[in-house]
Each structure stands twice: as structure tokens, then as C-alpha cells.
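The same subunit A turns up in both complexes below, where it pairs with subunit B and then with subunit C.
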Partner chain A sequence: MNGLRLAFNYLRIGIMNEFQYRANLYIQILQTFIALGTGLIGLNLVFSQTSELGGWNRTELLAVMGVFIMMGGIIRAAIQPNMERLMEEIRQGLLDFALTKPADAQLLISIREFRLWQLVDVITGLVVLGVALSQMNWLIGVWSVLAFFSALVMGAVMIYCFWLIVTSTAFWFVRVHEIANLFEGLYAAGRWPVGIYPTWLRMALTFIIPVAFAVTVPAEALTGRLSLQTWLGALALTITLFIASRALLKFGLKSYSGASA
Partner chain B sequence: MPSVISISKLAKHYQVPEREAGLKAAAMGLIKRRYKNVKAVDEISFDIQPGEVVGFLGPNGAGKTTTLKMLSGLLHPTSGSTSVLGYEPAKRSHDFLRQITLVMGNRNQLSWDLPALDSFDLQRAIYSIPRDDFKRTRDEFIELLEVGDLVQKPVRNLSLGERMKMEIIGALLHKPKILFLDEPTLGLDVTMQKRIRTFVAEYNKRYGATVLLTSHYMADVEALCKRVVVIHHGKLLFDGDLSKLVEKFSAFKTVGFTANGSSADWSQYGDVVSVEGGRVTLRVPKEKTSAVTSRLLNELAVDDLTVETAPIEDVIESVFSVGKDIVE
Partner chain C sequence: MKRYFDYYTSMMKLSVLEQWQYPVANYFYMIGMIAEPVIYMVVWSAVANQQGGMVGGYTPGTFAAYYIVWTLVRQMNIAFTPYGWEWRIREGRLSTTLLRPIHPLHEDVAFFAGWKVVMIILWIPLAFALSLIFKPELNPTLLEGMVFFVAIWMAYLIRTITLSLLGMVTFWTTRVSALFELYFAAELILSGRLVPLSLMPTWVQELAWFFPFRWAFGYPIEVLVGQMSMNELFIGLGMQLAWILFGGIVVNLIWKVAIRRFSAVGG
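On to the complex of A and B.
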């Protein structure tokens, strides 16, 4: 309960902060539309040559794109900014204030930042998804919707854990910013269902950077492709990653030495 | 009374990578790194009683901040024991953290773009302060520091001193019992320093809080702390009354007089600091002061004879320069 209240308070501060920078909203809208435009052009180019890609038809791939845009927005609104701040604070030894607060350290470092305007992507993703679903002849049942949302939450948690693990290595390696760029590059691969990639890349996108679980699996849920095994696998991986990332952070905090004043 | 802070043989060692300057050495560092063990804090012990305001002194790199960080639970000690309010700080128990605060003069925790009031609200949530308590404390502090017209301005538009006042309010809203203040007046002008000082003294008086303060401004220490703990190179040099420190370490006194036209080889009386106009200033070893003054008065017709203890800054400087050899 306390954690939720704290998260809400930080969210409030984050939103107030974002209201100070109105220009960012317009820039974000512009960026989103450019990304959406190039995405749609790419999709059209592919389907001008073929009617199917790795078992997915055009509308289904539009749904994948919707999930991709939406998840990207979630990551950039709530996950990435917190992790980048943490990286910076570890590097400069500025974690002191967060660690002297009577709150769970992991909770605190995970809720301090929020980029409201990234929600433009979330909304756009939802619209794209809606359009795709309306074009499908497939009736979506309650279970599919539940499976979709649970897969989405698990995907977001896995991406969060991935970021937290990478960020925690900053306690020892100090400069890990390049990894943020690497993530963005690999996340872009999630634009297409991971099934179309060669095995090695598919494995990497599933188990090393869980893009598959963040985008493809929720989209599978909506298009009636998700099997119970995959769902259970996702659940197991989410729990494992969460425990591992939490342990690593705790271990890292022990070796945190801060910067001298 | 049982002490609220108790540390015994506390030590913190760092492994610091070390190499020669230059590209070749930097490249070699990729393969094999050489580490040096630095004893930032080297087995220091002291106790602090409830309500005490203790000055924690030492030159840069003496280990003050490291000690404060161990006491506030940020750093795990290499060895030795710490107890603050009966808790082991490194465990970072929430009950412990709720009762302490750490203020660092060179860091800020308030949201840069928002008015301080919004950041204060966040503190309320973090420390789960009941709303009424929170409002009362907040308004009390705002009044004490006279910042009523500033709390609604974005923090980025405040001056350094104004910002520090806000930082201090934010750090004390939960009414901590223990204050770790690391250079709270760093970079502030004299008036602002005084303001912060008065506020700390007032807080200590009203709430009986214990304060451990580091500062490079001796005025802060003189105004607030009866007792000082001095460390140097991680070792404890002195722990006791500030007046005792001055007595112990000020080996010299300054003797000034107007020569009244008489001239002599002043250096036979002591080290000549300056001769300006008719005014002569000498530095005389403490134990010879009375002998020198009576000689001056007897042998020469000097006027306006003054004897002054060295300013506290100089005393501290001499403590640091002599280092640990003089620790008994």
C-alpha cells in the first residue's frame, strides 16, 4: 500500500515536471508520427511482395506493430528514464539520497522518473492495434484479452528486469551507457514477430533481451496463437528474472561506494 | 545517559586502481590492474550523547564524509562496529532511516523544475508523515528560515543560499533525531551561513536532536559545537572540547605593540610577523609569552601591547600540518 502511494506521489511529481516542458509534447507527437509513417511504409513494402510473413498476414502484423509502438512508449515513459537516472547516479555516486530514505531501495529507484509525453506512443500503439483488430475476422474472447494483458504486463516486467540487471552492472563497470543504445537497436527488431528471424537471433531476442515476450507474445495472445506452454514459460521467466535482478541490485548496493563530497 | 551514536574501531578501506600517467600505462591497465588499498577511515572510535552538537573536523580527504556515510547506512564498514540509536546503520532498517537525515552541501534532492512545496509533499509521502504534523512542521520551518515567499518558486530560480534553506527544510520535515550535516554551508555567503547555523541551533534546542556536523568554516563550528572530533588520514587526532583543542594545539600567541620610535632587533623577542608604521607583530611560543611581554615592557617603552590567541583557523591548520605525530 505504502509503495503504491509512494509511486503515485512520484508519478504526480513526474507529471508536474513534464508540464514544465510543453515543447517536448509537440516533439514527441512529431517523432511518433514519423515512426508510425515509416513503420506503415515498411509494412506495405513487404506486403506488396508477399501476402504472408512467417505465418502472419498483413492485419496481424499491423497488430504486432501496434504492440511494438505501445510497449516502446511504456518502456520510454517509465522504465528507461529510471534506469538511466540510476546509471548516472551510480557513476557519479549520487545515490545517497535515495538510499537514506525509509523505503525499499528497488522501489524507490524504479519510480522516480516518469515521461508523460511518451504516452503519445502508448495511445498511438493502441489506435494501431484497434485498427488491426477491427480488420480481423476473428472474434476476440475474454480469455484472449486476459492473456493479452497478462502477457503485456509480464513483457514489461521482463524488460524492466533486463534493464535493472544491465544497470546494476554499473556498480562494478561504472560506464554502461552504451548498453542503452544497444537495447534500442535490438528492441527495434521487435517490430516483426521474432519467429521470422534465424534461430540464434530468435533465442537472443527471447532469452537475453526479452523483446519476444514484450511484443510478439502479447500479439500472439490477441491473434489466437498463444499456447498455454508459452504463457507459463513467460510467467516462469518473469519470476526468475525478477528475483535475479533484485538480488543483483542488492548485491550491487553493498559494493556502492559513492563519490566523496 | 546512553550514547545515541557509538562507533568502535570503525574502518573503511577502498581498493583504488592505480597506474602511471600516459597512454601506455592506460593500455596496460586493460590487461592487468594494480590496486592500492586506501584506508579512508582507520579504526576510529567515539561516542555521542543525545542532544550533543559535535563538530567533525579534518582536511579534505580525511575521511569525514566516509564516516558520515557509514553512520547513515550508505557504506558498509570494512571492520569495526557502529551503532546509531541502537541500530546497525548498514542494515538500513526503515525504522532507523526514519529517524536520521543526511544533508550534503554540494548535493540537492529537491526537484529542480518544481517549487520546493511540491518536493516537500513528496517527503511527506516517503516518510509517511501525518498530514497535520507535516503542515505544522513545514510552516514552522518556513517561518524560522523566512522563506515564505520563496517556496512557490521553482527551485532552479532560487539562489544557492535559498536553495540550501529549502534543502534543509526538506531534510528535516520528518523531524529526525539525528542530523548528519556534511558541509551544509558550503559556498554560502556569511549572512546565509549564519542563518543556517541559527536554524540548526534552534532545531537542536527545540527537538533535542543530536547533530554531527562537518564544515570548513570554523565560524560554524565555533557557533554550534562545544565538542569537536578531529580526524586526519582516517585517524582520530582529537576528541574533546573546542576550547581544549585550541589550548592544546595553539602553540603560539600573537604579541602586538606600538614601538614608539624605539628600534631594536625584534627577532630576539620572537618571530617577526610584520612591522608596519610603528606597529610590530610578533609570534611567540605560548610558554614564553609572559616573559616576552614583561621584557618588552621593561626594556622598551612600548605602547598598546596586545596578546592574542591564534585564530581558530590557524589552530586547526597547525593540527592538520603536524598530523598524527602529536596524538598522545
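On to the complex of A and C.
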């Protein structure tokens, strides 16, 4: 309960911070529209040549794109800024200020930053998803909605755990910025369902960088392709990754000396 | 002339020595860039397979060739970014370079040209690995190879010119990120970076003829991968040369006007 109150307070501060820079909202809207435009052009080019790709038709891939944009917004609003701050603080020895506070270290380092304007992406993603679903003449079933939202939450948690694991390596290796760069490149693979990639790449996008679970699986839930096995597998992987990332962070904190703060 | 030659060789040498110190960082940077063409390659190979093995004149093998050559041309396209210009002008960093008895643009051109040498060496094993995985169909003639070699360096000059022009807008206003974003979106579509231009609707292909983007990106790739006639090969080189001359003149004119607006404290 205390943790929730703490998270809420940090969220409030983050939002107040963002309101100081309102012009950034317009820049964000423009960026989102350009990204959406180029995404739609890519989709149209593909479907001007073919009527389906890897068993997905045009509207279904539009739904995948909606989930992709939405999840990207969630990552950039709440996950990536926190992890980049942690990386920087480990490098500069400033993490002491967080560690001395009387709260769980992992909770604290995960809630300190929030980029409100990135929610433009979340809203845009939802709109794209809505358009796709209405074109599909989709009948809203309780189960697919539940499966979709649970898959979305699990996907976000997995991406968070992945980031936490990568960031924790900063306790031992200093140059990890390039890895953040690499993540952005590979996340772009989520724009298309992972089924179209060659096996080795599909495995990497499923188990090493969980893009498959973050984008493809929620989209599968909405288009009625998600099997119970996949859902249970996602649940198992989420729990495993969470435990592993927490253990790695704890282990890393032990070797952190922060002499300079 | 000799003065410039000496300046370029020593600046490039410096840049090679500097960048060679960070092979790992340079490699991660490169691998991060490789995700993009691999995604395009896989998507378009899947489309080609679905259409009976060929789409827009490309087979999965030639798509692989296109996007592997893409990775080299992408490296050649790296030049001093307009965001760098913004920083340089906003923070007054330009002051130091202005004091030197040589045009500041020469430093950019020479430094990045030296970096290219390191990047090309690092690129070779990567290209080899990609070729093993994706099996490109690539049989260039000797002439095509030679034209390609010239074309990628001309492409580098064209992109340096266009990015510098864009960056110089910062002399007048520092609210430029919107403009930069629009530029990069137009470039993505009209250059052949997203897909080979032959897959675009005809009017887009005709439009692309009039912009510098395709001459700095798509054209060098097509030299090596596509079946270009002798005529097309040399028309392309001519267009590149025309853009360099025209762009060079425009950069110089704008620079003369712009530099009078520049004022900085310290730097």
C-alpha cells in the first residue's frame, strides 16, 4: 500500500514536470504523426503487392501496428526513462541517494521518471487499433478482451525485466548506452508479426528480447489466434524474468560502492 | 591545392586513429543499425515468396543483396548531423573553428571521411556474416564495381551537403527539430532506404528523380545490384556530380549570409 502511494506521488511529480514544457507536446504529436505516416506507407506498399503476409491480412497487420505503437509509448513513457536514469546514476555514483531512502530499491528506481507526452503514442496506438478492429467487424468477446489486456500487461512487465537486466550489467560494464540503441533497433521488428522472421531471429525476439510477447501475442489475442498454451507460457516467462531480474539487481547492488557521491 | 591535400590527409589520419580506439562501441553502433535493413529484407522476401518468387523485379536473393549493400551505403551516408549543427551554433562552439585559417566545413568532411575508413573495415566481417545467413545474389561486373566505389563517396558528399544546409537553418532559428523530422521522413521514402524505388508507385519514382535523396542512397545500391544499362550508370554519376556542384555553390552562398548572423560569447 505504501509502495502504491509512493508510485502515485512520483507519477504526480513527473506529470507536473512535463507540464513545464508544453511545447514538447506539439513536437511529440508531430513525431507520432510522422512515424504513423511512414508506418502506414510501409504497410500499404507491402499490401499493394500481396494480400496476406505470413497468414495475416491487411487489417490484422494494422492491429499489430496499433499494439506496436501503443507498447512503444508505454516503454518510452515509463520504462526506458527510469532505466536510463539508473544507468547514468550507476556510472556517476549517484545511486546512493536512492539507496539510502527507506523504500524497496527496485520499486524506487522503477518509478522515478514518467514522460507524460509519450502517452500521445499510446492514444494513437489505441486509435489505430480501434480502426483495425472496426474494419474487422469484430464482435467483442469478454475472453478476448481479458486475454488481450493480460497479454499486454505481461508483455510490458517482460520488457521492463529485460531493461532491468540490461541496465544492471552497468554495475560491471560501463558502456551500455549502445545496448539501449540496439534495443530500439530490434523493437522495430515488432511492427510485423514475429512469425515471418527466420527461426533464429524469432527465437531471439521471443526469449532474449521479448518483443514477440510485447506486441505479437496481444495482437494474437485480439485476432483470435492465441492458444491457452501460449498464454500460460507467457505467464511462466513473465514470472521467471521477474525473479531473475530482481536477483540480478540485488546482486549488482552488492558490488556497487558509489564512492563519488 | 597542396594545402588542402595536406589538411585532408592529416585530419583523416587523426580521425582514423581516434575511431580505431573504440572498435567495440563502433561495432554496437553498427549492429544497432543492421536491425532496420534485416527487417525490411525479411518482410520483402516473404512478400516475394508469396508472389511466386518475384516482386517489382526483385527475388529474395536480390532483396538480400540490395539490403546488404544498403548497410554499407548507410555507413557512407553518416555525416555531421543537423542536430550537431544546432548544438554547435547554440553553444557557440563554432567560434573556435572560425578562428582557423580554413573553411570549417573542410573539418567535417575530412573527419567523417576518415571515420568511414574505420567503418568500412569493421563492416567487412559483418557483411560476410549477413551473406552467409541471407545468401544474396550479387554478380557485379568490374565496371559496376568501379562506378559503385566512386558513387558511394559522391553519395557521402551529397549527404554532407544536404545535412549541412539543413543544419545551417539553425543560424536563423533554434526551433528546428520539427523540420529535421520531416526531412528524415521524406528521405526515408524517396531515397530507396525503406524499399527499392522500383517498388514505389510510378509518380513517386518520378518525384524521387528531382530530390538529392536517391542519388545519395538508392542509386549506388542499384549500381551494384540492379541491371543498369551503361547509359543509366553514367547518367547517375552525372546527377551526383550535378548535385555536388549545385549543392556546393548553395552551401557557400548561404554560409556567407549566415555567418554574419552568428554571434557567440566564448565557445
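As a convention for this text, the second predicted complex is superposed on the first by the 258 of 261 C-alpha atoms of A that agree within 3 Å, B and C clash if a C-alpha of one lies under 4 Å from a C-alpha of the other, contacts with A are read in each partner's own complex, and residues count from 1 in each chain.
The rule we apply is simple: contacts are C-beta pairs under 8 Å (C-beta built on N, C-alpha and C of every residue); 3 or more make two chains touch, one makes a residue touch a chain.
Values in this document were obtained by computation on a predicted structure and should not be read as measured data.
**Student:** Touching A:T38 in the superposition: subunit B (first), subunit C (second), both, neither?
**Tutor:** second
**Student:** Once the structures are superposed on A, label A:Y256 by its partner contacts, choosing first (subunit B), second (subunit C), both or neither.
**Tutor:** first
**Student:** Output check: A:G185 vs subunit B and subunit C. Expected answer is one of first, second, both, neither. What do you get?
**Tutor:** After superposition on chain A, A:G185 lies in contact with subunit C alone.
**Student:** Examine A:S227 and indicate which partner it touches, taking first as subunit B and second as subunit C; both and neither are also allowed.
**Tutor:** In the superposition, A:S227 touches no partner, neither subunit B nor subunit C.
**Student:** Tell me which partner A:P102 touches in the superposition: subunit B (first), subunit C (second), both or neither.
**Tutor:** First partner only.
**Student:** Among the partners subunit B and subunit C, which is in contact with a greater number of residues of subunit A?
**Tutor:** Higher number of touched subunit A residues: C.
**Student:** Between subunit B and subunit C, whom does A:T199 touch in the aligned arrangement: first, second, both, or neither?
**Tutor:** Once the two structures are laid over each other on A, A:T199 reaches no partner at all.
**Student:** Thinking of the overlay built on chain A, is A:N17 touched by subunit B (first), by subunit C (second), by both, or by neither?
**Tutor:** first
**Student:** Of all residues in subunit A, which touch subunit C in the complex?
**Tutor:** 27, 30-31, 34, 37-38, 41-42, 45-46, 48-50, 52-54, 175, 178-179, 181-182, 184-186, 188-189, 191-192, 196-198, 201
**Student:** For subunit C, which residues count as touching subunit A in their complex?
**Tutor:** 24-25, 28-29, 31-36, 38-39, 42-44, 46-47, 50-51, 55-56, 133, 177-178, 181-182, 185, 188-189, 194-195, 199-201
**Student:** So in the complex, the part of subunit A that touches subunit B is made up of which residues?
**Tutor:** Contact set of subunit A toward subunit B: 2, 5-6, 9-10, 13, 16-17, 20, 94-97, 99-103, 105, 254, 256-258, 260-261.
**Student:** Under the stated contact criterion, what part of subunit B meets subunit A in this complex?
**Tutor:** The touching residues are 14, 61, 65-66, 69, 72-76, 92, 94-98, 100-102, 104-107, 109, 111, 113-114, 118-119, 121-122, 125-128, 154, 182-183.
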